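Just so it is clear, A, B, C and D label the chains in written order, and each chain counts residues from 1 on its own.
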Amino acid sequence: MDVLFVWVGAFFTICIFSFLYKDNPFYKFAEHLAVGVSCGYYVNIYFWNFIKPFVIDPFKTGDPKSIALAIPPLILGLLFFTRFSPKYGWMSRWSMAFLLGFGNGVAIPRIIDQRLFVQAKATMFSLWGSGIGFWTLINNWIIFIGVLATLIYFFFSREHKGSFGVVARIGIIFIMVGFGASFGYTVMGRVSLLIGRVDFLLRDWLHLI
Amino acid sequence: MVTIYREIRFLTFLFFVPFFFSGILFAQDISSSFNLKAVDKPIDDGGAIEISWSLPKDINIEEIEKLELYRFDPGAAEPVKLGDLKPKQQKFTDESSDERKLRNKTPYIYQLKAIFKDGSQITSEKVEGISKIQWFEKRKFVIFIGTVLSIGLILYCIYKAKTDSNFFIRRMVVIDAIEEGVGRATEMGKPILFVSGTSTINDVATIAAINILSHVAKKCAEYGTRLIVPNKDSIVMTVQQEVVKEAYTSVGKPDAFREEDVFYITDDQMAYVAAVDGIMVREKPATNFFLGMFYAESLILAETGASTGAIQIAGTDAVTQLPFFITACDYTLIGEELYAASAYMSREPLLLGSLKGQDYLKFLIMIAILLGAILYNLGFTFLKDWL
Amino acid sequence: MKQKLPLTICFIMGVVMIIQYFVPALNSLYDTIRFWLLVVSGFVLCLGIYSLVRVHILKIRRKAPSWGYSYVTIAGLVWMSLVGFIWGKEEGTIFMNTFFLIQVPIQSTMFSLLAFFIASAAFRAFRMKNLEAGLLLIAAIIVMIGQVPVGASFIPGIADLKEWILNYPNLAAKRGIVIGVGLGMLSTALKIILGIERSYLSGGGK
Amino acid sequence: MKFFEFIQNLDRRWVFLLILIVVTVPFFMPLSLPIEITPSVKHIYDRVEEMSLQNNPKPILISADFGPEAIPELNPMLMALLRHCMSKKIPVITMTLHPAGPGILERAVAMVADEYNAEKGKDYVSLGFGVGSIIMMLQIGEDIKEGFPNDYYGNDINDLPLMDDVKNYDDMEFVFCMAGSGLYEAWITYAKSQYNATIATGVTGTMATDAYPFLQSGQLLGLIGGLKGAAEYETLIDQKDAAYRGMDSQSASHILIIILVILGNIASFVLKEKKENK
């Protein structure tokens, strides 16, 4: 059984790698199979984890409380199916409106808390004073100036000109250094994924190491 | 100089005197030996009381066998034992009675018993606890103020834009590129690929991408360019089908809309990417749009797209993926620009007004950071503590 | 009715959910609706599957380029759905075995392509065209060297420099972007709730 | 000049081939270079060491919220932390919020438990897959036993001695969440903000920079980033394994990319000069 897994795994690994050379039937096969199989996977995940316990089971057991809980999502879900009818298709917008209203409403206070307040708070630290190391102060200033300059860069209602432009330029410099750092930092993780695959091919499949 | 410093300190102090008083008002007195407290569990919808205590200092914790906590229900003669607790334990949340939850606004009496290893025991004082539903959470008060303020400011700017739409908005190269991208595809007679991120509809970035899609789709409909929109989420797909269909209808070509071009592939990240890669290599779109929330797949998409020679326009608020779009794509909307793009493209005064509102908020936040940092360095931490 | 009602629903839901955040008594409302959404997404997946199958059946019918592979997708979908429905999805079932046999190697290999692409992207795009591009390149190289043992053992201090770039300039830029994104999200979310941005309802920005 | 033109117009497939070679060769010729320890990794290690000095340490909750795509980076990390805990007899509760997670997690736990003769239910508990990610995080804040009435092997949770004193986050030393996505942010938002749980995280290389702000603002106890982080942890506990081995391939490929970038820049610079001279 394990041998089968290893050989099939190695086959698909090579199918996908072959795409690096060019598109070919092996890649096409693996790609189309992955789409079909993963779709079927999610059909099952959604069905067994959500639909069965929360929609089918309540009606089976007849427990009024869980039925009551199952009805609203049932209606919301079924409304989406009105799309198939040219006449009543617009009713699916009710569900969409519900989802969008919920999602965006939930987001607003959380954005203000997590993205604005927490981040602003973290930027309030020692900028001068005794008892704090010189380098700590310098670093704090770098963060402080960097955050403000980056924010300046994102102003839409002012031209990046004059002293405003200079600060915006500092902002973009911070952004670019940050992006470079992120890029460099990520190389590591990406290469380790490849190491994982090569390890699989060399050890589990070919037994070379 | 020193006097000014002192004055600032004093004035700030005066300003915040009320807050110090509120602190004194909310403080609790400490009197009994066990220091047993029964308080309503904060931030909930009632039905729970938190009991906390600390053992008297003269007791050696090693000698204690266990603690027993009792509750006297109103009207009942015998107490209910809530459980055997470990000597180290210092709190307990009581949230179940026979009726599952504690009744709100009902006084329950609690008492703690310490049983020693030698069999002796001591009992604590009795305290009363009442559980309540909280209708407003004090902790979130500051966030509430922030929410009201920011919503108010953006609304004000939108409202103002209604009457006075004559204000400056800086030019963005990427926006022009989006329009050129559609034109290029038309000239070459090749399709356009639009990926609105790989997240769900609950992600605001997805919505921002869909807003841009509606503009792109209209242009495509006008020029008769094929628009391919593969999806990773079925809800996002239904919304996008709606948006693209509406775009075709709005330019008077409802029949030109091909539902099979706005389609679902799979929920699986990598299988989705494999399929989109396949589309890029086989259909060779002239312009690729990658807008919205992206994860690791960003670079696979962008590099494959680059190898097919397409013009690539990307935009995301995912800070981790931005570096890859910046390097591998021709144009990139960075963070907030993604959200602004739709307003830019619509040229609607109302939407542009909201951009102005964002700028004001940005300014306020910068002031807050500046003020907060200065106050913090002057020894006042309240602004930082609030946030 | 066709337009007003959805806008009203959206507005009411939005406002209720904002208030919910501040009122602990409404905590269970949030949980309940979140849970509804999971169920709804289960239903909507049917629309997704319909779309997928339709695309592939059309391909087969039209004999579009490489239409034969569409059979593979449909077969995979049918197989995986059936074995899951019939024998369940626990460990050791055919469902889970198919998952480990097909999905896992394809997923991990697709993911590992990133190692190749990150190299080609760096090679292709890291050019010192101007100051910004130069800084991006230099920061990337410093971090890349500082990260691996070989760099740390041959160039003293580079690991510290790498940490410094990540912890200070990088952090500052990120925080600035995060705050900006927060504002963008805020105003987009607000525009949706208020029905100012309603492309999903009527096309266009209005 | 020809060489620079060749570099300038190099087909990217040559780059791909070079990367493959450079990653493969060190498997056969290891270099075993020393590894520097990052403070954020040390924090986690120190905390676990501290715990091992306590009489009755509270358990650590490890939530391995990753699927197959993150195995190469996160599995070595998971193994290293499990080894550290189990060798010091620190109780561990494991779970996963990723639907494809249980198989991966179980394999790692079973393997390490076997190495240290750790007893199921007493030294460690495997809870398996928790449905509904954020809902589950909130549930653990209230009562973990309601969220997981049974462990992964179907045992009643109340029968497991380790779980006797465990109700919610208050009874856990810290939560170590591992994710190839931004899920650790949800742990911070829900488990930390609402229930004051202590959170440490192990994430893939890409996610690590994203997590720095949270480390700096004190919302995270520690952070292990990518294969390098795992190699550091392996070095700290002196159990060198997969992550440590991979470090050589890692070094080689980084150097290759840097050389390519430098060559590319020289080529474009030289060709530009030449064009201008003409």
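Everything below uses one rule, namely that a contact is a pair of C-beta atoms (placed from the backbone, for glycine too) under 8 Å apart; a residue touches a chain by one contact, two chains touch by 3 or more.
Bear in mind the structure is a predicted one, so any value in this text is a computation, not a measurement.
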* Of the chains shown, whose Cα mean is nearest the mean of all protein Cα atoms? -> A
* Asked: Max contacts between which two chains?
  -> A-C
* Quick one: point me to the chain whose Cα centre is farthest from that of chain C. => D
* Asked: What whole-Å value do you get for the distance between chain A and chain C if each is reduced to the mean of its CA atoms?
  -> 4
* Rounded Å distance between chain B and chain C, as computed from the means of their C-alpha atoms -> 16
* Where chain C and chain D are represented by their mean Cα positions, the distance between them in whole Å -> 20
* With chain centres defined as C-alpha means, what is the inter-centre distance between chain B and chain D in Å? -> 25
* **Where chain D touches two or more other chains, by residue** => 12, 16, 19-20, 23, 69, 71-72, 204, 206, 209-210, 213, 216, 228, 250, 253-254, 257
* Structure fact -> Each of the following residues of chain A touches two or more other chains, namely 16, 19-20, 28, 30-32, 34-35, 37-39, 41-42, 45, 49, 80, 83, 93, 96, 99-100, 104, 106-112, 114, 116, 118-123, 144, 147-148, 151, 154, 175, 179-183, 185-188, 190-191, 193-194, 196-197
* **chain C, residues touching no fewer than two other chains** => 18, 21-22, 35, 37-38, 40-41, 44-49, 52, 66, 99-100, 103-104, 106-108, 110-120, 122, 124, 126, 136-137, 141, 144, 147-148, 166-167, 170-171, 174-175, 177-181, 183, 185-186, 188-190, 192, 200-201
* With chains as vertices joined when they touch, what's the shape: line, ring, star, complete or other? -> complete
* **In the complex with chain B, residue positions of chain C that touch it** => 18, 21-28, 37, 40-41, 44-49, 51-52, 54-55, 58, 65-66, 103, 106-107, 110-111, 113-114, 117-118, 120-122, 124-126, 136, 174, 177-181, 183-192, 194, 196-197, 199-206
* **In the complex with chain A, residue positions of chain D that touch it** => 13, 16, 19-20, 23-24, 27-28, 69, 71-73, 99, 131, 189, 204-206, 208-209, 213, 216-217, 219, 225-228, 242, 246, 249-250, 253-254, 257
* Okay, in this complex, where on chain A does chain B touch? -> 16, 19, 23, 27-28, 30-32, 34-35, 37-39, 41-42, 80, 83, 92-93, 96, 99-100, 103-104, 106-109, 111-113, 116-118, 120-121, 123-129, 144, 147-148, 151-152, 154-160, 175, 179-180, 182-183, 186
* What residues on chain B touch chain C, complex-wise? -> 42-46, 133-137, 140, 143-144, 147, 150-151, 154-155, 158, 200, 202, 204-205, 207-208, 210-211, 213-215, 218, 231, 233-235, 237-239, 242-243, 245-247, 249-250, 259-260, 263-271, 273-274, 282, 296, 299-300, 302-304, 306, 317, 319, 322-324, 326-328, 334-340, 342-343, 345-346, 348, 350-351, 354-355, 357-358, 361-362, 365
* Asked: Inside the complex, what are the residues of chain A that reach chain C?
  -> 4-5, 8-10, 12-13, 15-17, 19-20, 28-51, 54-55, 69-70, 72-74, 76-78, 80-81, 83, 90, 93-102, 104-112, 114-116, 119-120, 122-123, 139, 142-151, 153-154, 171-188, 190-191, 193-194, 196-197
